[in-house]
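Two complexes come next, and they have one chain in common, subunit A, joined by subunit B in the first and subunit C in the second.
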Partner chain A sequence: MSTIESGSAPAQVGSKGWASPVRRVLLSEYFVLYLTIVYFLILLPFLPTLSNPQNLSNVLSNMWPLLAVAVGQTLVLTIAGIDLSQGSVIGLTSVVGAALIATAASSDVLSNSVLWGLVITEQGGLFAGKSWAVPAGIVAMLLVGALIGLINGIAVALLRMPPFMVTLVGLIAFGAFAIFLTQSENIRNLPDAYIALGKGDIVSVYLGEQSTPQIPRRQIYSFITYPMIISITLAVFAHFLLSRTMFGRHVYAVGANRRAAEISGVPAKRIIIQVFVFSAVCATIGGILFSARLEAGRPTLGEGTFLLDVIGATVIGGTSLFGGKGKIVWTFFGVLFFVLLSNTLNLMNLSSFHIDMVKGSVILAAALLDVTRRRLLAGGLA
Partner chain B sequence: MSILLETRGLTKSFFGVPALRDVSLTIHEGRILGLIGENGAGKSTLMNVVDGVFPATDGSMFLRGLPYQPRSPADATGHGIAFIHQELNLFSNLTVAENIFVDAFPMRAGFIDRRSMRRETERLLASLDLEIAPDTLLDRLAPGERQLVEIAKALRSNPQLIIFDEPTSSLTARETERLFEVIRRLRDEGKTLIYISHMLSDVRALSDDIAVLRDGELVGSGPAEELDTSRMIELMIGRELAQLYPPKTAAPGRDPVLRVAAMTQPGVVQDVDLEVRAGEIVGLFGLMGAGRTELARMVFGLDEFAHGEIRIGGTLLRGQSPTDRIEHGMAFVTENRREEGLLMESTIADNIALVSLASYARTILRFVDAPKLSAVAQQMADDLQIKAHDIGGQPAKSLSGGNQQKVVIGKWLMRQPKLFVLDEPTRGVDVGAKYEIYSLMDRLAREGSGVLFISSEVEELMAMCDRILVMNRGEVSGEFGERPFKQDQLLRAAFREDLAA
Partner chain C sequence: MRVVHLGAVAMASALFVGVSGSSAQAQTICFAFQDLETEFWVAGHKAITTTLEEKGVRVIERNGNEDANRQLEQVRDCIAQGVDGVIIIPQDGESAVTIVKESQENDVPIAVFNRPPSDLSRGLVVVADNETIAQQAVEFMAQKAIARFEVTGEKATPLIMVGDLGDPNAVGRRDGFFNVMEKYPQYFNDPIEVSTEWDAATALANLEAAVTANPDVDFLFTSSDFLFPTIRSVLEPRGKWLPAGQEGHVIMGGLDGDATACQLIKDGFVTATGVQDLFFEAEAAMDAILTAIDAGETQPNQVIEDPGFALTAANLDVREMDMWGCVLLAEGFLDQ
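Entry: the complex of A and B
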């Protein structure tokens, strides 16, 4: 960190005159948005289905749960942390919620579960049939998520354990606990009100002639949906929280230099705990959207390469893995790019192995981009 | 007296901004050249060109009369030039011998020849009178010893020219003296040395020749006898500085702002009483490790203490929380600006605003009134004459040391604190900026704040303080309440036990 002070006369940081176009694009807030648009336009001639309304509607619907989870990850990365436990939070909370609100259950499937007879029976979950079942179930899910976030936050802030370790253990342990709860089975028969959260649409489009009075269901493409509203509301809230409030300023300060922040009176420990709780709550909301769309509580919901998508989308958006730098807008673009990337790879009929290999390379490129940007900003490329 | 190295019309620009202009300097063999100048004057740039870190934009160099164009630091080493950087390039997890040979391990049959490495290390250490075993982990050495290890490493290649960049900035007075002996001995053995420093008294004590850089230009050079200290300062800052210190305009009041009683933490500080009154500047002097910084950290709620009382304006403070101390009107400028004072990557405005965010937060969600806050931060930057062109876009790290320190002070000034604790506020700051920081301290006192001024430079304490406390091994070993202070008394109190031993 000593290269700036000792030598060359203070570099002219921030002057616009000599910024080359490449530099300007790389450092732009909207770099990933440009990248997304260019990528879309380049692939369009080869994959004409890309711009089909059905496909676009599909891309959007894939985007919302990922966005909710990535919003939480953005805050954690900004305080120079990382939250791997998000994956297990999704699985565990989806199981807890489903077990409480399912309207029926089959003993063939679930009788081996430790929840059987206690929380869930053939007549459904504990809250089954009650008018307040869905809201109460969601509150329970959020509480479970928040509790995991609290454990993470306390371990990192008070016990000073490395976030990577703490949340990796969380990923494994809570994920295993979720599988144990249902003995690896899914819990189905969720109430319609809950399923609507994952699928319900408000504005849909039908493109075609109205020759018959009944429009076939599959030709209706939903654009404005409940998941969209929920995710965007969460993102807008987080955006204002991070960019306009004292809490947000404190988050950046802790991420930039925790010691200096503490000496300046920033309650760093409290901020770290709050950020981890927020991250887990975001993961829970993402989990609600996923499980509602799937119409089941599934313990393995956040497993596999899902975390790769979350962290990849956040980092490619521009949030720095080194802390102190992150924006919700960037994450929004990062998620959009990542979902489009997955979608195009699917349309190319690549296998999931190929897709993961490509995604991995893209995340590596994003990390490289992060490093390059830091060097450009430091003006150290003399 | 033959010429070892000569530069002719050396110029170096970064992004079109010249850092060196037309520097023609002659370095004589077997002498010590003191190179001085303010931060950003081009000292390090010049030495980096000599060491091959980067090439000059224009101009040429001659080593013993032959054209010299180093392509890399390794190339410069090959030409017999060694550079000891300000930040030591040592590995604390390796042994002394491994550090010395890290870039050229002696090999034997494909393995490191530990025996010859150890033998050679012993020889190098002995030449510096350094009595440590080659297998000692670097971790366990004092800063002064590490500095000597770095010198041993440089001597390994038997260089003719050795460049020191600010070598004493983390050394105690005694370690500094020892380093000087080593440097003089190297000179007497026929080596040529360049010594870069802020500390004019060090340069005076050591140098045979002196060269002064200002804004990238060589503004003066010659034998040390021909340049006295005031002339050196004049050349460095380009104007006549009547004094090193501003006149004192503040007078201490009666009411105590801070009262510390019987502060004790076993092994760190012992039974310390301390009082700072409104408008008073109290100095805290002592050697490194005397417990000054530790005491300040306890008072500010950063470190714990076994027993003792802290009162601010009569209120007894409990617990251990900087946030609470700040609310009671305390401010702490730490000795470690980079790690504890500033968010280096964040903007100047964000740094200035950090402590006072709560005063500008509205509604239950605590939205920050950003326009108002940046206006106030700009006002503070103007008031302190922080040299920046855009405080909202420029990161703190782009500023010089003195301006960075002003940002830290400005950050605290935003809350108008009752008590300022300043720990080595002028370290790594050039002469001109030092003067500004002293003036600022005087202003704080005039406006009614109490100031606790911690320093290891006895001259600045004598000039600025109303009262000086001297610490030694965690205890107050002397209190001096009357100006003018006597330097020998202060030093005697600081060295108390060490002299007796």
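Entry: the complex of A and C
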């Protein structure tokens, strides 16, 4: 039976007396954090804007929605799966939520939508004007997301279909369904309470003396925001699930070797279904944050290179594509590094094509590193 | 929201920020565009960047690659870099509203080039009068159809290739088309609408289906000239890609005024195209943003309209060089 590697690699390495500092760093579970710090410090003299408080605020702001989605992907990768449908979940749930809670809509734009007249009219969505509109809309979004996750999970666990194929079909089919619902139109006029979830500040910071009656907005930096609270809460919850519960142990067991886990009495099918549901719920939460910051339900949200960002950040963090190994804290570091990477590439004024090429190369390097670490571990433990 | 004043850390922060602070330098403009997929955007991009650089303005370019969220993040990054102003070609009208608000809240003036926000009340918005321009082009096409009706006695079967209706430009162009159709119901069958979403592959698939289902289409208006090659690939195998004067000619028109449309009008395949004055729009966007920066205005709001015109087979001789696409054509754009 395979060893279940739940992030205890450094201790195993140390016990074997690997002296090489490079190896120690390479195998450290904080490797990506070290990498992020070194990367930041190396670039700082060349890109002074990097440490600008507004830029740091931007980096954090860009991090939270991605982290929410990547947390779900972490669990799926840990069971040796992959969830490509997260992008379509984001698009579809953002449309469903917006159609329910929008406070107004234009017939010019949405009259061709199948939702027009049924769910949304010129007076807004079904829940428009109700005090409970936003929470009810979010519940509806989460239910839709969970349903997609359930479908994925059943197909993978019960029908034993490959996760790649199941979720690829989900990506295409649910993405097309989102576009069909609104005929590719965006739904605007979301309530302020919803928009605050994506861009609302709880505590902002002003650095300096107040010399004018009103501080320019440009000099007030977001510090603690709603998306930060939401994503960190989700990440802490997922960390607790993975590291402190029987469910988490089962996730690692299924990822390391599904057949062995089943023989050992692990309810692998149930675990797989639950993980896919959790992944879709995380994608929905990411969708809430993205649609709120863009102030519109958009069927095309999550398209393009978005999955590259999600899977890339998760793999860079150290979660193994082979399953059985993954930690939320790694994903946190991976997302931080990935967002910082994107930010610095922007500050270098590279074109979007170059940025995507660099990102792809970094993900490839991370995957190579994953293979190398596995080999080192296997060699060290042999 | 609670704002915490951190005066004590101000000096440390200032040291840390160091050289990123602004000094007496040339103005810096962030030019964030959604993509450069069509001739119009390529030419617009070139006109803006070239002219700004000629004026000694430093241009930071950002390509959103058709991702509204990425474009928002790019504009935020630009603002963090301390740019003096922003010019955007947004992904759509909705994301434009969000980005304009973001920029203005950070006291950075912003101009929106050609693709207007859904809410025109904020930002410097340079936009063509799409409805009127489309109406002019379709009116000329309609007169050709009416002349044909008087010979054959058969109503024309019109088809419109509609853009992404989240883009107010697409809505205006569609409205201009239907204004003409409603004016002459006795000469036209019910129009067929083909969705393109401003995407050539989507347009190809939907036009194939529409023409297969309605082989008698003989009047076609595309909401953007960039789709003419796509239209050709659908009509040519069906023997319907013919110049004016030949049996089976489809009366065609478009909007944008690109080099391909100019060539097709000359060759007789296209009857008319609505022209956006690209050079005027680029100049107007740049002048407006630079004026606002010089005046210290951080939240200027103004709608600058490009009246445009229709280039037709009838006025080609006199107005050819008023159309930016014909200028590019004369410079050998299609030969590159």
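Operating definition for what follows: the second predicted complex is superposed on the first by the 361 of 382 C-alpha atoms of A that agree within 3 Å, B and C clash if a C-alpha of one lies under 4 Å from a C-alpha of the other, contacts with A are read in each partner's own complex, and residues count from 1 in each chain.
Throughout what follows, contacts are C-beta pairs under 8 Å (C-beta built on N, C-alpha and C of every residue); 3 or more make two chains touch, one makes a residue touch a chain.
For clarity, every value in this text was computed on a predicted model and none was experimentally measured.
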| item | value |
| --- | --- |
| Which of subunit B and subunit C A:I37 touches, first, second, both or neither | neither |
| Which of subunit B and subunit C A:E262 touches, first, second, both or neither | first |
| First, second, both or neither for A:N52, with subunit B first and subunit C second | second |
| Contacts of A:G324 with subunit B and subunit C, given as first, second, both or neither | first |
| Subunit B versus subunit C as contact partner of A:S351, first or second or both or neither | second |
| Per-residue touch tally on subunit A - higher for subunit B or for subunit C | C |
| Partner chain in contact with A:T245 - subunit B first, subunit C second, else both or neither | first |
| Partner chain(s) touched by A:M161 [first = subunit B, second = subunit C, both, neither] | neither |
| Subunit A partner contacts - residues on subunit B that touch it in the complex | 14-17, 19, 39-40, 42, 44-45, 48, 54, 86-87, 165, 216, 300, 302, 322-323, 326-327, 332, 334, 338-346, 350, 353-355, 357-358, 361, 365-368, 370, 389-390, 393-395, 397-401, 411 |
| Touch list for subunit C against partner subunit A, complex | 1-7, 9-10, 13-14, 16-20, 60-70, 72-74, 76-77, 79-82, 92, 94-95, 97-98, 105-108, 118, 164-166, 171, 195, 197 |
| Residue ranges of subunit A touching subunit C (in the complex, touch as defined) | 48-49, 51-55, 57-58, 61-62, 108-109, 112, 183-186, 188, 200-210, 215-218, 220, 223, 290, 293-296, 298, 301, 303-306, 342-343, 346-347, 349, 351-353, 356 |
| In the complex with subunit B, residue positions of subunit A that touch it | 1-2, 4-14, 18, 240-241, 244-250, 252-253, 256-257, 259-267, 324-325, 377, 379, 382 |
